[in-house]
């Protein structure tokens, strides 16, 4: 178990800057997730921690010990690769035992520890199989066991679930979490699946274009995004450009040109992100906060429109409402049976609760 | 040579001058003569001297390549067997050492180098070879010029001359016949041009030439007498030969010492040994080689009964001109189409 | 700061560069220097001669060489690719056997092999005469010789390169690509021509390279079958025969330059397009063929081809069984006996050449296996400056004519040097294994490159991440995974080394005379039958080795390259 | 545009039966989805329609024309492969033009039609790129364009989105739907992602182990599954074995041994699936129907338990409540901000609405 300390890390490949001025502290025993779209530098950062890349600028420290130029085999990290990287010519046992044999453990110790960890990942019956005879999910668990058995200080996982189907993915998520808690290892997890990130992590760092935009717990990130990129990338949202108008007690009033209307927002840390005077501002409302009704509603933040599309996803139903030519809003309701679905083309009223709107600046430094 | 034979040397009776104490332990011979001859001589030589003879068996051209490449650190002591053109070339490149054998007097001056860089061990007269199944003795051409008769069109198979010392010598001799008077090779070129017209194909190596003549693809060739006799008598080829009436080039096969050899004394012993009258007789009887020495008795009939009319040849001129002549032949005369049959 | 990775790259490069420089570049340099000498002094005369006074003959030879090499590439491809397609895409009884036979031509000893061809297809050959007698023709219907002879022999002996690369490439093609083409409505032929064939490009490029270079340097076929036809490799020989060594060197340099240009051209050609399959391992479904007529046509063609491919071996066998004199002027052999074998076995030392060849080839193969592995690893998995140069260096022993390689070796190692540890190597046992080693580096490196390129980098990283040092990783992960491919490359090197003649004849000594020398000497003594019998021993030896490596190491000849 | 008629199709590979007695009719212009877990025979069925496999028994008809043994190139279907199967040695243009060139169209026609379709999939700017230079989503659209440009009678898509990340997947779904509507092609779509199936399809066939369990519209399948396999595979659900007890007016009463309690279910087609007397019965309640409260509730179907886990997924919050040793129930609520989340360990009451429970039999024929 270690803390990981990245200070002011920049990594360049030729003239591509993959990571820019990154500062991060990952605490002991934490489940920390790097989240971001493809190509934002997640893998690069992870590989710098593992020692496969060396930062162009900056320092990597484990427990205040400088590891910046230490070679990978001396770092004692356990990595699970996106494609598992299992050794195809070895059995399950040999794959898992590899790291222990390298450490010159006694044969009996190796056997005991491999059996232990395989029991933990529930693969004991497969111990003598060739890895090619395992299903995707099983292979993933072998990779996990192989990384865990050496009792690494830090566990690194690079999109380990991205090739699995939805059901298996669900299963593996709880498996990974269970094992992480059990071994209590500092874990860094890379993904671009936000549901995965939100359900599993203690804290999340959201990346874009080589920069880290926000670090926080899942609910912080989802409920209080610092800018439009984070709001849009994490979960679905309705995003509208707006302008600051005036203050009325605990309520701020913003103007939306697109809607040609004022929007009222409760003035609280929850609802207003910090921004500068120069920033372009957006209002973000999550679909599940948007209330749609066929009955007329009174009060602030009520708009009217027509239902453009009703989308059934099983658990919930999305209703997409067209307000003006340029603005459509999405609302999500739990599925309560077909009788409760809106009809396409219906005239409806849409209410955006003042306490559920968040005002955020545009992300800086975008290209 | 194997070690088992070395022990035989203990019971050697000593020979000649019996001074083999100063001989080195071994002698290395490069030779194209083939395993049969070489092992035969190895056995005899090792019996006589307490010297281990080692031989490497390869083609003359390869020997030259090798000797040349090994110039700075010669591995061989003696080079036994190659047409004199090869020796002349080696001599010019400074690869050979001078040695005048004890039997020098028995050699016609035609059969040794003027500086004794090499000396002849056997001679090979060139002949017209014909397939005795296809052509009767009467029909067969009697002289070089008969080969140009249009009736032999597409009947002649010739070993590709550029790759063969023997053939180069024959071609050069043909040119030389007129060149020696006119100082102009043109007449010879014309002759070769006509020969080329009658030639069915040029064979790349002797085996192919034998095969093509034997199977009747062609029925005539020019080749050396000893091989022709050997093939007919030993291997059952339907070959017979005619010695051109007007004279024929006689090639000398020789032996030479390698310059800076590691075992010069043993080499000298070997040099002497392979051309003793007994050895020459053995070579003639068993291996169809005509000796150069004029003091060998009781030679087989096929040697004594044939009447060879050696062509008068200026080897120094050959050495100087043959490259130019062959290049001319190669570029101006040779019909590429005939390289090997017409293509389908 | 030099990071850990760079340090290791440098450590790897040191042995690779030392060996390539010491045993490939250093010997070749003498040829280059020679080419710039005229009567012992530096001059460009040879080159001005080559392009000037001797231009007519040289250009003709150069043009013929290139022309023949290109045609050889084309013909070999025409045989190898369809055969590979049939044997890999259609399943029929005996498929495995036939696909093993398909590489037998490589086993044919070079000189007697060509002779066997002449006995088979020459004007007096078995096949044309059999047809003539069968149909009562007045003349033989066809015969080989000249250019057609060279081409046929080249195609026959070199098509296995295409066969092997195509086989392994075919097995790597994602079948869904072909299915997509069918689905879009294209016919079988179109699918092959527009989709399958282009996707074989990387393999075809590798094979073309090998074939082109071998044909450029090929000696026995043009020499035996068309002695007067001017090609560059023969020009080199004749220059040498004429004693013009400097011109021979110049011609060798030009020949290698042409081969290397071809190498660069092929690399450029391949890099123009992308042939990597987007995804591997999915789409393992294979569509079902149910056109019985097509299938039986293909299978018949395949079996016929196999019979034709084995005819030269059969001829060799016949030759070895015909006693002396029983097949000289006769169209067909008159008698059969084991006479030739008996004569051979009468010699108590008969097995010496076989043993020598085996030992030396094994030594060379072990060396070339280890060195090829490391070199190929460095070339594929590491990035450094001068990679292209290193790649060219690797191919030089293949681009130079074998005789030139042999002469280079003598010149380089008949005096003490650092690379020979202060010893004189010429005249020792070790020179021949070293020569085989150098000659066949390119084969092993090429075949290892192919498998290494397919190996995922993350496997190595995973091992490192688990704490394994580089060498441990290399030994336990990289080598076992790529072993099958590298072993089959080594097998190919073995097969060729056993029959290697041109360098052997220049370098062998009394104690290490190899099989090929023995065969050649029998031939020189006009013992065609015994030469053939010895050839059969060589064929048998190689067949046994192939069988063993297939049985015990699972090396499939198709995996090569 | 064609109808596709599969009658009594069985496909065997050696002694593996990949598809068993399948009867299906797919209507003209329909967007039809095959849904099922890995190895259930979806791909096999699709490939029999495309002509790459031939059924062991049964007939494939297009528009009543027997196609059972017609070879693939004569069927005029357009297939999009799971791995795209783009020709790597061709540019985007050449890939798309391939099918047209095969059909020997004039050069100018080819060019026009390729440009048209590339405009439709929004790839015109990339027309001369090598396909390896495209991102996953772009490659997917090339594959789609290539299949569409030949104006196939039937469009076949085999898990086209399974390799893409969540965001791209969303985007591609609407793209595919838009194009399918535009071209109005009978489309068969294979997936094992239920959200995908539910949001996109006109009708869905649910497969398991080579058999088709249910065919219906997304809401039918989700709200009225015919057996426990379908209920569990499509969406999340709480499944409990129960026994028929008695009837009380419009309400049926069932007994749960695990809960030691009676469960009341409204007697309607919505709530009670058809079953035989011999069948093992299950009750299925969707998490979004389960109501959880800390305040005591009165009435039928109210249970009490403790909160075991609260899982935040962004849009919604899952609360997992332990009722007895063997029974945990999952409840889903929309995210209304952190203040509304349950606390782990809290004592809560759980209500299962009578109208939202569905009684289903166990699936037959399972191994």
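Here the chain labels run A, B, C and D in written order, and each chain numbers its own residues starting at 1.
Note that a contact is a pair of C-beta atoms (placed from the backbone, for glycine too) under 8 Å apart; a residue touches a chain by one contact, two chains touch by 3 or more.
In UniProt terms the chains read A, D = Spermidine/putrescine import ATP-binding protein PotA; C = Iron(III) transport system permease protein.
Since we're looking at a predicted model, the values are computed, not measured.
Visitor: State the remaining connectivity among chains, in groups separated by ' | ', when chain C is set aside.
Guide: A, D | B
Visitor: Taking contacts as defined above, which has more of them, B-C or C-D?
Guide: Counting C-beta pairs in contact for B-C and C-D gives the edge to B-C.
Visitor: Measure off the straight-line distance from the CA centroid of chain B to the CA centroid of chain D, and report it in whole Å.
Guide: Measuring from centre to centre gives 90 Å for this pair.
Visitor: Could you grab the centroid distance between chain B and chain C? Build each centroid from C-alpha atoms only and quote it in angstrom.
Guide: Chain centres of chain B and chain C, defined by C-alpha means, are spaced 35 Å apart.
Visitor: What is the distance, in whole Å, between the centres of chain C and chain D, each centre taken as the mean of its C-alpha atoms?
Guide: 55
Visitor: Hunt down the residues of chain D that sit against at least two other chains at once, touch-wise.
Guide: 163
Visitor: Multi-chain contacts only, two chains or more: what residues does chain B have there?
Guide: Residue numbers touching two or more other chains: none in chain B.
Visitor: Pull out all the chain pairs that touch, please.
Guide: In this structure, the chains touch in these pairs: A-C, A-D, B-C, C-D.
Visitor: Please output the residues of chain A touching chain C within their complex, sorted ascending.
Guide: Checking each residue of chain A against chain C gives 50-52, 54, 69-74, 76-79, 81-83, 85-89, 98-99, 102-103, 146-147, 150.
Visitor: Give the list of chain A residues in touch with chain D in this complex.
Guide: Interface residues on the chain A side: 37-38, 162-163, 165-167, 192-195, 198-199, 218-219, 222-223, 233-236, 270, 286-289, 311-316, 332-338, 355-356.
Visitor: Per the contact definition, I'd like the list of chain C residues that touch chain D in the complex.
Guide: Counting only chain C, the residues touching chain D are 174, 176-177, 179-187, 190, 194-195, 198-199, 201, 273-279, 282-283, 285, 287-288, 290.
Visitor: Chain B touches which residues of chain C in the complex?
Guide: Interface residues on chain C, with respect to chain B: 56-57, 115, 118-119, 122-124, 142-143, 145-149, 223-230, 237-238, 240-243, 245, 324-326, 328-331, 349, 403, 407, 410-411, 414-415, 424, 426-427, 505-506, 508-510, 513, 517, 520-521, 523-526, 528.
Visitor: Across the complex, what residues on chain B touch chain C?
Guide: 1-2, 28, 32, 34-36, 54-59, 61-62, 65-66, 68-70, 72-73, 75, 89, 92-93, 131, 133, 160, 162-163, 201-208, 210-212, 214-217, 230-231, 234-238, 323, 326, 330-331, 334, 336-344
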